[in-house]
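By written order: A, B, C, D and E. Residues from 1 in each chain.
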């Protein structure tokens, strides 16, 4: 039941439904802005559950209610699809992102690009933990394609998510780090140095899909479509995502 | 911003009440009734303290989710869904704060001179009445310490709650979850405000419990007078 | 009512080995410090268990090791003044005194409850502790504590009264008053009593029978010592 | 797999020792010396309990980091870097477990009858000697409960540790961090093994402390004998 | 050494208003239960403070409200037998007895230490508590506790001895022995002593002077009552 489903007076008159959307935490700001706009068009109630994609994946696997899932990585969606929990037709790579090198204010001048990783000026490099954080995995691929993975082992600090990388660099404790461009926009003192070449790692995609046991597949689909309108695209771009 | 505050208070209060009941119950059972396997029971009780909260949350998710046997049982028989509801948050908060309550109450029970229970027995009191009128009042300092810590832990609980109850603004988003994501997304102002609110709560809690404790105190710790 | 006890209990430095019975009135127990007097009362009250033996209060066997009978203290219906008083530190003098009364079945009946309560008021007044009613035991003097403990033990009008040196902390003036009250209590309710005392005069005044214990064994009657 | 185990034990042990010292110190200062502002100090002490660990970690990162005044001071004067080292993990673990130690010790202190301190004073003991020989031994159950909880919290600490010490395998990766990442990356087998190891630790801890407690116990809680 | 006290202290039901001095020997204090005897000892020992007055032990003023002198208990160099003994429950009988000795400067000197310890052995033997040396106070009888408390108070050979009903829990046989030992102690060390007792005989035996207190005021000497 949706006992707290008080519908807006001027909204459309059809019955208010509740849509459960599990979305990667990095999308919080963008989706919250889109939600406000969507409320003008539909009286469906959007119940966002924001968390790390891995957490969301586990929750869905254990039967948590979810109509639409927007993951920050291909792998988590693949797992769910493998479990047969995803409406395969609905799966789509909604967004893309770029891996970006950021540097702490003190070292911003000394760090110029990938060539700086092996430089003695760089004492520490923060990245996401490769096994569990998608961005960490992309970072590792980048280092491997540069052929310096073994060389920089001593400098690496593994974070539990991209935002932690950001905090390490922004607070001056790690000299540089690799984050998504959408995250890099939140830097306060740190500097964006340069984007990593797109071919140095697997494509960064945010797949989305309707879930098989969705309670409100139609309403979820309606919102899913709204996410692909020009308005939504503009909003995502504003927050640093690429729209695919 | 009001929603997470109210929700947090509700969840923490209910969780603390349950944790109090369970903590006192287990402390009594294990320490006063001398059930066998004391060390094993205590190990199980302290585990939620030792495991990372997100692991505790994951285990709860597995047990209470639609596929878990408890979750299925509740869903099929009572149409009660726990995952992604505040009930789930209460369960998570209760479980992570139970070790605190248990240990505090246990320590309090162990410092009570058995002569008072004996006196109550000679005066014809049943075990239940001795528990209510002698053991509990003499254990107040420890119980209150347990309440303080449990409430603090419950209202601050985040990892396990996030896993089982999710982070659904207006529905299951608690203050710590809100703080966490505010910090994560660089919303320093909101984070600061929420931290301040938490601090005020702590103060009120500590103040209230200390006042209560003072009223219940029968020993004179004020020194010479 | 016939009180019978046969008790064997090994202690650290000697073994208690006592057998005695008396029909009514006051049995005075004397004996050297550490000879086992308090242990005897603890066994009769059920707070400690003899290694072997049998204890019966009237028709009721409360302990028998061969029959494996061991009735819990609270059902033995006795009043026990502990040597160190054992007043509940968190209860006022008045709460201590009526604590046992509240457990008695008569407390449920309105009329007999009023009687019990007015009797407790009477005792408090005659023993000179009425003005201390609201004080906590930690805030009254040694002799005052002893009178409160005596009051608490007798107001329930138990089937058997165990008094461990009930007058030792009182001055001569106060003793006179308490003696008087105890004498009229004895006269009025005729409750079989075991009275531990080191005072010859008290034996002469109250003792209907007496035993003298040395190293856990009865060696006669104090007048013979 | 051995490295995180040894590291976790090292960090948790050192953190518990510091938390013990600080917890006892603050409990004594605030509750026995009656410093003013008791409620405010206690609020500050309990805050690390209420804030999400990652927030505590973030605040520590800011204070102890290269730009924080404490971090800069240590770096410039002692060439001591805290962030991304096990020292940082010790500090984080100590701070999050301090509230547990404090509350437990406080409760224990409050249940000690002041008569024993008074007796020690009449026997010429200084404040320090009374603290060592009377207060601490009488507070054992609470102190041990505090140690158990603090060690559990310290060895299980994850959010704040991760933030300040980072997750550098072989250098700052602790068991909980390893468990977290094992669970996150779906490495169930490793996660299970590590959880089992944690469980064994808890058991050893609980067993050891209970045994110690038993040896220190001077009250008889075994019931009738 | 001249002991002088002038004490004014408001209690709940009356005001203590005493002035007295004596040069040496034993001052016996008698009085009704609750008349302020224990409070007097507490004031002299510094465990409680008079509202007004002056207390001096020889040349040393230990309390004077107008001069704002209030020397801490531990520096007053006294031996105090508490009415309820106040034996440290976590220390063995022997540890209790030598606790005060260890604080004395003589303990540092090897020879005088041996003397002190052998004296304590002697007292334990004559008072018949030597075989209890290793027991905890909770595991000995009432009269045994009293003898341990007496031993603890006197073995330090203090400058002033405060004894609150030191013989009340003893049987006649044991009393005789303890009397004898106390008499020879008195003879040997000539320590000024304040002895609270309700026993005329003890007054006659040990009292060099005596006062009788009623409602906080000296009203004469017991033989006159």
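Keep this in mind: a contact is a pair of C-beta atoms (placed from the backbone, for glycine too) under 8 Å apart; a residue touches a chain by one contact, two chains touch by 3 or more.
Molecules present, by chain and UniProt name: B, D = Molybdenum transport system permease; C, E = ATP-binding cassette domain-containing protein.
All values derive from a computational prediction rather than experimental measurement.
Asker: Which neighbours do subunit A and subunit B have in common?
Answerer: Common neighbours, subunit A/subunit B: D.
Asker: Can you tell me which chain pair comes out on top for contact count?
Answerer: The largest set of C-beta contacts joins the chains B-D.
Asker: Measuring centre to centre, with centres taken as mean CA positions, what chain is farthest from subunit B?
Answerer: The most remote chain is E.
Asker: Which whole number of Å gives the spacing of the CA centres of subunit B and subunit C?
Answerer: Subunit B and subunit C have C-alpha centres separated by 44 Å.
Asker: Counting only Cα atoms for the centres, state how far subunit C is from subunit D in Å.
Answerer: Spacing between the chain centres: roughly 49 Å.
Asker: Roughly how far is subunit A from subunit D, centre to centre by C-alpha average, rounded to an integer in Å?
Answerer: 36
Asker: Between subunit A and subunit E, what's the gap in Å when you average each chain's C-alpha atoms?
Answerer: Centre separation, subunit A to subunit E: 78 Å.
Asker: Name the residues of subunit B that each touch 2 or more other chains.
Answerer: Residues 54, 58, 219-220.
Asker: If I count partner chains per residue in subunit E, which residues reach a count of at least 2?
Answerer: As it turns out, subunit E has residues touching two or more other chains at 46-47, 84.
Asker: Out of subunit A, which residues touch more than one other chain, so two or more?
Answerer: Residues: none.
Asker: Contact residues on subunit B for subunit C in the complex?
Answerer: 115-116, 118-126, 129, 133-134, 137-138, 216, 218-220
Asker: Contact residues on subunit E for subunit D in the complex?
Answerer: Contacts found on subunit E: 45-47, 72-80, 82, 84, 86-90, 99-100, 103-104, 136, 138, 152, 156, 162.
Asker: Under the definition above, what is the set of subunit E residues touching subunit C in their complex?
Answerer: Listed in rising order, the residues of subunit E that touch subunit C are 12-13, 30-34, 37-38, 83-84, 128, 131, 135, 140-144, 146-147, 164-165, 168-175, 198, 200.
Asker: Going by the contact rule at the top, pick out the subunit D residues touching subunit B in the complex.
Answerer: 31-32, 34, 38-40, 42-43, 46-47, 49-55, 58, 99-100, 103-104, 106-108, 110-114, 141-142, 144-145, 148-149, 152-153, 155-156, 158-159, 176, 179-180, 183, 191, 195, 198-199, 201-203, 205-207, 210, 213, 217, 219-223
Asker: Under the touch definition given earlier, write down the residues of subunit D that touch subunit A in their complex.
Answerer: 58, 61-62, 65-67, 83-84, 162-163, 166-169, 180-181, 184-187
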